[in-house]
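In what follows, structures are represented as C-alpha cells.
Across the two complexes that follow, chain A remains constant while its partner is chain B and subsequently chain C.
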Partner chain A sequence: MFSWKESGRIIFLLFVSSLIVVPLLATILGGFKSNGELRVSPFGLPQEWDLQFYGEILGDAQFWRYLWNSFLISIMTVVLTLVLGSMCAYAFAQVRFFGSRFLFNYLLLGLMFPFAAAIMPLFLTVRDLGILDTPWGVVLPQVGFGLAFSIMFFRTFFAQMPEELFDAARVDGCGYIQFFWRFTLPLSTPILATIATFVFVQSWNNYLLPLIMLNDREGYTWTLGAMDYRGEYAAEWNRTLAFVSATLAPAVVFFLAAQKYIVAGLTGGAVKG
Partner chain B sequence: MAEVQITGVNKTFGTVEVIPNLSLTVPNRSFSVLVGPSGCGKSTLLRMIAGLEEVSAGSITIGGEDVTHAEPSDRGIAMVFQSYALYPHMTVRQNIGFGLKLAKTPKAEIDARVDEAAEILQLGPLLDRKPKQLSGGQRQRVAIGRSIVRKPKVFLFDEPLSNLDAALRTQMRVELAELHSKLDATMIYVTHDQVEAMTMADQIVIMKAGIIQQVGRPMDLYNAPDNPFVAGFIGSPKMNLIEGPIAAEKGAKVLGVRPEHIDVSPDAGAWKGRLRHVEHLGSDTVAYVEAEQAGSLTVRVPGEVNMNAGDDIFMTPRAGSIHLFADDGSVTRA
Partner chain C sequence: MSLAHTHTAPAAASRPSRLRKAMRDGRLTTILFFLPPALMLFTLFVFMPLLEGAWYSGFKWSGYGEGPTDWVGSRNFERLTKHSTFMRSFNNTLVFVGVALLLQIPLGMAMALLIYRKSKSNTFFRLVFFVPFILAEVATGLIWSFIFDGDYGVTSIFTTWFGWEQVYPLADRTWAMPVLLLVFVWKYFGFHMMIFIAALQSIPDDLIEAARIDGGTPWQITRYIQIPMLKPAIVVSVFFAVVGSLQLFDLIIPLTRGGPSNTTHTLVSYLYNFGLVRQKVGFGSSVGVVLFIVSFVFAFSYRRFVMRQGEK
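Up next is the complex of A and B:
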C-alpha cells in the first residue's frame, strides 16, 4: 500500500488536477444539457444527452470559418515568433557585439509594457500599414509583444549549450550561421515546443486584439464569433458552452503534439555528464 | 612538413595578461606535451594554435605557412577537447564525417574515410549510435576519430584523458602513442599530469604563469632541470628541494635531490631523520622522513624494505645526482 507521504502527495495532485479538470468537464458536459438543468446542476452529468447544440455548431460553416481564422492567426504568430525570436536570441547568446547589453535590456523593457496602454497607437499603426481586417493586423502586434519573453527564454537556453560544441564545430569548418541551423535549432526542440505552445494558446484565446483589428465578420476569430451563439433573445449558455468546447479541441491537439518534444536532456552525450 | 612555429605571441584578456611573450618551435612529427599547473595558459596557447582564440600580438606558422589570422578549419589542424564535444544529435558516423561534409567532400569518399577511421579506432559496431549511448572511452575514441578523418597536419589535444578512470587512461595513453606512430603527424598535447607527459612526449614544454620554463626531452628534464620549478614538476614522488644551511653550504639557494637518489642506512649517513610514514608499494618503498636539518624529505628505495614509522634513519644523497640551484638562476650538479 501507499505510505503516508505518498498518499498525501496523491491527494494533493488529485486536488490540483481537479481544479483544472472539473471546470473543463463542466464546460463540455454543459453543451449537452438544457438551459434549465444548467442552472440547477451545473456540474452533474446531463439527465438527457442533447446532441442538438454540438450538432448545430459542427454543421455550421461559419463556425469552421471562425476556427480556421483563429488557427491561421495562431500558426502565423507561432512561426514568426519562433523564427525571429530564436535568431535574435542566438545573436545575443553567441555573438559579442557592441551595445548588445543595452539592446537586450531595451528588449526586456517590452516585458513590462502594459498592453492596454498600447491599444490606441497600435490601432493607428495597423491602420496606416493598411492591414486592418487582415490576419496580419492581429499577427504582427502579437509577435511584437511575444518577442521579448521568447528572446529571453531562447537566450537562456542557448547560453547553456556547451561552448566546446561551437569550438569543435568551428574546427570542422562551421560558421555562426551554419551552427545556428545545424546545431542550435535541432538541439533546442524543448524550448521551441514550449514557446510554441505558450504563444499558440495565447493567440488562440486572444480577444482584445482581434476585437480592435477585425471588423469584417468573415475574418472573425472564434473569440469574436462566440457572440453569435449566445442566442438572439436570451443567453443560451448551453449553446455557448458547446461552442467553447468545440474550440478547445485544436488547442489541446496542438499542446499534445508539442508535449512530446518538451523533454529536457536532448544534449545528453555531448560532454561528459 | 608540419612544424609549428610560435613567435613572440602575447595574449591578453581585457586587462589580464595571460601569456606575456612566448616563442616555441614544435618539430615536425613530434609528440609535444604542454604541462604546467592549472591556469598557466596551456589551453589558451593551444586554442591560439587552433585559431579559436585570436593572438594579441605575435605570429603562428604551421608547416611554414603563416596562419596567425586564418580560420580554424583552414589551418590543417584538428582538435580533441577535454569534454569530447561530440555532436549530440548526430550518430557516430555523422559526427566523424561532419567536417568532410562541410568541406563538400563526395559522399562515397566520406564513407570510405569514416570507415577507415572507425577501423583504426575499433568503432565499427558503434557507427549508428548516438553519443549518449556510448561509454566515456568510446566517446573519447569518437572524438579522436573526428580528428583523424580530416587528415590534419597537426593534432591538438586538450587534456583528452582527464575524464577517464585510471585504467582506461593508461590504455588510451598507449593507443594514442600507437596512433602517433601510425599517423606520423605532429601532435601537441596538453595535460597537467606529469606521468602522461613523461610517458608520451618526445618533447615536453613546461609552463608557469604563461612563461615557458624549459623545453626538452623527458629524460633531459628529469636529469637536468633548469630551475626548482621544473625540478619539482617532473618526477614522482617530487624531487626534494632543500633550502637553508644545507644548500648554503654548497653555495646554492636550493639543493635538489630526487627521492630515488637518496641512499638510506640504519646507522650512518649525511643526514639523520625520523620516519614519519612509510608506503609499501611492493616494487618500491616510499618513506616520508622528518630530517634534523633538511626538513621534510621523501625517500624511495627499490623493493620491499622493512622500515616503520618512528624509526631513526640516516640518508646520503648520491653523488652526481645533486642539483644546486643558485640565486642567479644558474645550475650546477654534483
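Up next is the complex of A and C:
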C-alpha cells in the first residue's frame, strides 16, 4: 500500500528527527575526535577513535563526584517532596477543617510565579541558615517550590479514590492515619512514581539554584561541573563534547526506565490539572 | 452515601464531642502532623522570600549586616526603567513568550497531528521528538554553542563551502537572539507535542469516522473537529509556555551568557548578572518584583478569564 502522502509524511518526520539526532550524535562522536579534526569535520565519523578524552573524564574522580552530588541532591529532593507533599495533600483531600480552602490557595501561590523572582532573598535565607555550600541549600528551596505542584496533583488523585473504600475501612475501625499508610499510599504508586520522576529530572537538570548556592567545587553538581569544564578547556571543544556525552549516558538510561511515568505525567495529569 | 450522612449528623452535637471524635479517629492528628511540615517549608523558602523581596526592593543594600537600612524608595525601579539593558532583557523575555506561543505550540500541535495515531513508527518519532525536553538545559546549550561556533559547526561548513569569512552567530548582535530562539523552540516543542498527542488520542474515533463518512476532508476534520477539541490542551500548553518562558535562564548561560554586549539577557539572567553577582540585594530584588508582577498578573487573569471559560 504505497501512497505519496504517507511517504511524504515519513520523509518529513525523518527530516525533523535528523535535526534532533544529528546534533546529539555529533556530540558523542566529537568526543572521539582530535580538536583539529573536529574543526574540519564536525559531523562525520572520526577517522581515528581516540579514547583519550573519554578515558580522562571517566577516570577523573571529580567527574564522579559531580554525578554523585547531583544524584544525592535529586534523591533528597524527591524523598522530601513525596513524603511531605503526599501527607499534606492527604490532609487536604480527606479532612474537612476550618481554613483548608485558604491554606490550599496559599500553596497554589507557588504555581503562579517563577522561583527566580525571589532568588535574592532566598539566597540570604539559605546563607543565614548556614546551609550554603551544602546539599540542603539546594534541596530545601527545590522542595519548597516543588510542593505546590505535587500537592495539587496528589490531592486530585487522592480525592478520586473510591469513597466506599474509606467508609469500609472506617467501619472496621481504621483511623485516618492508618488509612493513609495502609491504603492511600499503596494505591498511589502510579502518581508517586510520576511525581518522583518529574522532580528528579528537574533537580538533576537544575543549574540556577546550584549556581547560586554552591561555591565549593567539591559540592558542585554535574551542571556546574560541565560549565566549569567548558571554561577550563575553552579552546578544545572535543573535551567538552566528551564531558557532555558522558553525562548524557545516565540521563538516557534514566529516561528509558522512567519513560512510562514521564508520558503519564504529561498526558494524564497535565491535561486534567 | 448513607454512611456519609451519619458522618455529618453528629455535627449538630455539642462541640467538645465533635472534637473528641476528631481526636479519636485521627483527623486531628492528620491536621496537626501532616500539614505543618509542608506549609513551613513553603513559607520559609517561597512565601517569606517573596515578601522580603518586595521589602528589600526599596533599599540599597549589599546583603550584609543586620538588615537593610538605606531606604531609597522607588529609586531602584526608576533605575531599572532607565537601564537600557533591563528594557532589552524585558523585551527579550516577551520575545521568548511570543515565540513560544506562535512557533513552539503550533509546531508541537502540527507534530502531534502527524504522529498521534498508535503505530510502531509513530512511537519511535514520539520518543525522538521528546528527547530535547528531557535533556538538561546546560547540555543543550553546550551542544548548540558547539554547533554554532564559527570555527567548528554548521556555520563553518556553510562559510567554507561558499568561501566566506568565518562568522560567529552567538557573538553577533543580530544573530545571537535568533539562534537562542531556535534552540529554545528545539528544546521545548516536544513538551507541547506530548500534551496534544494525549488530547488527540482521547477524541473518540467514531466522531472522526462519522465526519469522514459525511465527506469531510482530512483538513476539514482537523480544522473543525480536532483543533476545537484540543482547546483544553491548548489552555494548559499556553500556561506552561508563558510561565516557562518568563523564567528562562539555564539555556541562556551556556549559549551567550547574555552577550554579546548584553543584548540577549532575559529577566532572570539580568537579575542574576546585575543583582546577585554584584551583590546588590535591593536592586536585584526590584527585578524580582517586576518578574513576580508580570507572572502574577498573567497567571491570575489567565486562571480567571481563560481557564474558567474552558470549564463551561
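Simple rule for what comes next: the second predicted complex is superposed on the first by the 197 of 273 C-alpha atoms of A that agree within 3 Å, B and C clash if a C-alpha of one lies under 4 Å from a C-alpha of the other, contacts with A are read in each partner's own complex, and residues count from 1 in each chain.
One rule holds in what follows: a residue touches a chain if its C-beta (ideal position, glycine included) is under 8 Å from a C-beta of that chain, and two chains touch if they have at least 3 such contacts.
None of these values were measured; they are calculated from a predicted model.
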First (chain B), second (chain C), both or neither touched by A:73: neither
Once chain A of both complexes is superposed, is A:172 in touch with chain B (first), chain C (second), both, or neither? first
Please work out whether A:214 is in contact with chain B alone, chain C alone, both, or neither, and reply first, second, both or neither. neither
Quick one: is A:246 in contact with chain B, with chain C, with both, or with neither? Answer first, second, both or neither. neither
Is A:196 contacted by the first partner chain B, the second partner chain C, both or neither? neither
May I ask you to decide whether A:93 touches chain B, chain C, both, or neither, giving the answer as first, second, both or neither? neither
With the two structures laid over each other on chain A, which partner does A:26 touch: chain B (first), chain C (second), both, or neither? second
Which touches a greater number of chain A residues, chain B or chain C? C
Doubly contacted chain A residues - partners chain C and chain B: 167, 170-171, 178, 266-268, 270-271
In the complex formed with chain A, which residues of chain B make contact? 47, 50-52, 71-73, 77-79, 81-89, 98-99, 102-103, 130-134, 136, 139, 146, 150, 163
For a test of understanding, state which residues of chain C touch chain A in their complex under the given definition. 3-4, 24-27, 29-31, 33-35, 37-39, 41-42, 44-50, 52-53, 56, 63, 111, 114-115, 121, 125, 127-132, 134-139, 142-144, 146-147, 149, 151-154, 156-157, 186, 191, 194-195, 197-199, 202, 232-233, 236, 240, 243, 246-247, 249-250, 253-254, 267-268, 271-272, 275-276, 281, 284-285, 288-289, 291-292, 295-296, 299-300
Which residues of chain A touch chain B in their complex? 162, 164-165, 167-174, 178, 183, 186-187, 266-272
Chain A residues touching chain C - in the complex, by the definition given at the top: 9-10, 12-13, 16-17, 19-21, 23-24, 26-27, 30, 38-39, 42-43, 84-85, 87-88, 90-92, 94-95, 97, 103, 106-107, 109-125, 127, 140-141, 143-145, 147-148, 151, 163, 167, 170-171, 175-180, 201, 204-208, 211-212, 223, 226-227, 230, 237, 240-241, 244, 247-248, 251, 255, 259, 262-263, 266-268, 270-271, 273
